[in-house]
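What follows is a set of notes on a single structure, which appears directly below.
Per-chain numbering from 1; labels A, B, C and D assigned in written order.
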Amino acid sequence: MTIRVRYFASLREKMGRIEDTLVAEDIATVGDVWRVVSTGQPLPEQLLCAVNMEYAEASAPVKDGDEVAFFPPVTGGAE
Amino acid sequence: MTIRVRYFASLREKMGRIEDTLVAEDIATVGDVWRVVSTGQPLPEQLLCAVNMEYAEASAPVKDGDEVAFFPPVTGGAE
Amino acid sequence: MTVILCESEFSPYAELDAYQQGENAGRYGATAVFVGTMRDLNLGDEVAQMTLEHYPGMTERRLEQIVLEAQARWDLLDALVIHRVGAIKPGEAIVLVAVWTRHRGEAFAACRYIIEELKHTAPFWKKETIKDGERWVESNT
Amino acid sequence: MTVILCESEFSPYAELDAYQQGENAGRYGATAVFVGTMRDLNLGDEVAQMTLEHYPGMTERRLEQIVLEAQARWDLLDALVIHRVGAIKPGEAIVLVAVWTRHRGEAFAACRYIIEELKHTAPFWKKETIKDGERWVESNT
């Protein structure tokens, strides 16, 4: 299956890229996606995840064609 | 002493006048002022009083030259 | 800090646009605004017009005191209060309260404080013109 | 109900003035507005500029969901949310939230709800330009 993986803000800079296209068969959850793109790192606790532009937990399932995003805590709005 | 007495809103209409000028010697409090202008009525509980444009109790003292106002509960602002 | 009584229709957002001074630019992070507008319905009756009576002199004094009280409780950089008096038609603004602060929590709190105090203590009285004639609005929600 | 992402400077009060439609005139009694403005100081440092990154698509979706959540909880007649993205200078508006309701309690509550939810869940990230370079704003007060 194919998964589009996107990164934002400080994570995007840390990853050194804005997105990955993952083609793999052994991926079941958001956590699996992270393990592949981070070459084996556990998902940092403060990192947020979204599947198809909705917030999701690391345990959320992913399927072919999904867009998965990882990003640091949000800081919009105003003080 | 001389006291200017002002009425507002529904009380003004009920009194049939916008103000009185009271010239009397036996007046010590806001309550006394009301008794004179209302010819002996007790001060209705919901009526508000001000002395020199500051809210005051019926027991508040008045002195020569003061402006005393009586009015119904206020209804400004918005819902 | 500015308090204005206004005898004819005013445009709250045009007033706000004109009021924002350069001197505080960059200092405030939060602006909370409340606008009260005349509705065409009250207590189940259509209201054609409203007349707002007030106590000239005491009104301004009370409004200024309320703004000072808010300033003593919160770190206000600026505040603007505009209140209509006289004849008002449905859809027209009755009152504008705006406060400028560094942070949003104090902006909401101070704005709410000013409108609540205004509503409960400023000497304004509403008289409505309905189909059957006129009536004083006696209760204050 | 309108949500707008805006890539260049906007004037919150001019937007509000233009937005108020005739169709609701007389129906709403209360408008609560919050404007968040960029400050020139953060964490003790002078900030020359800020860049607001976001997640196109998810941002609009999240903002629309927040407005719908507010609509489900309070009797909103209308709501307007405008949020800047891209480069922002001190003194410029970052966000506008406005709600129109019949009564003021629900206007304040809904406006506060929308800005808090936006701040904590909408995918925006701030990067500040300070004297020593750039930094991501990581905490969210």
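Following the convention adopted for this analysis, a residue touches a chain if its C-beta (ideal position, glycine included) is under 8 Å from a C-beta of that chain, and two chains touch if they have at least 3 such contacts.
Remember, predicted model here, so these are calculated numbers, not experimental data.
Between the contact lists of chain C and chain D, the overlap consists of A, B. With A-C and B-C as the two chain pairs, more C-beta contacts join B-C.
Centroids of chain A and chain C (each the mean of its C-alpha atoms) stand 48 Å apart.
Centres computed as Cα averages put chain A at a distance of 71 Å from chain B.
The geometric centre of chain A is 26 Å away from that of chain D, both derived from CA atoms.
Within chain A, contacts with two or more other chains are made by residues 78-79. Across the assembly, chain D contributes 29-30, 34-37, 39, 102-104, 115, 141 as residues in contact with two or more other chains. If each chain is drawn as a node and touching chains are joined, the picture fits none of the line, ring, star or complete shapes.
Under the touch rule stated earlier, the contacting chain pairs are A-C, A-D, B-C, B-D, C-D.
The touching residues of chain D, when paired with chain B in their complex, are 29-30, 102-104. Looking at the complex, you find that chain D touches chain C at residues 11, 13-14, 16-17, 20, 25-41, 90-91, 102-104, 107-108, 111-112, 115, 141.
Put simply, chain A touches chain D in their complex at residues 6, 8-10, 50, 53-55, 69, 71-79. Across the interface of their complex, chain D is touched by residues 78-79 of chain B.
Only residues 34-37, 39, 52-55, 57-58, 61-62, 83, 94-95, 115, 118-127, 136-141 of chain D touch chain A when the two sit together in their complex.
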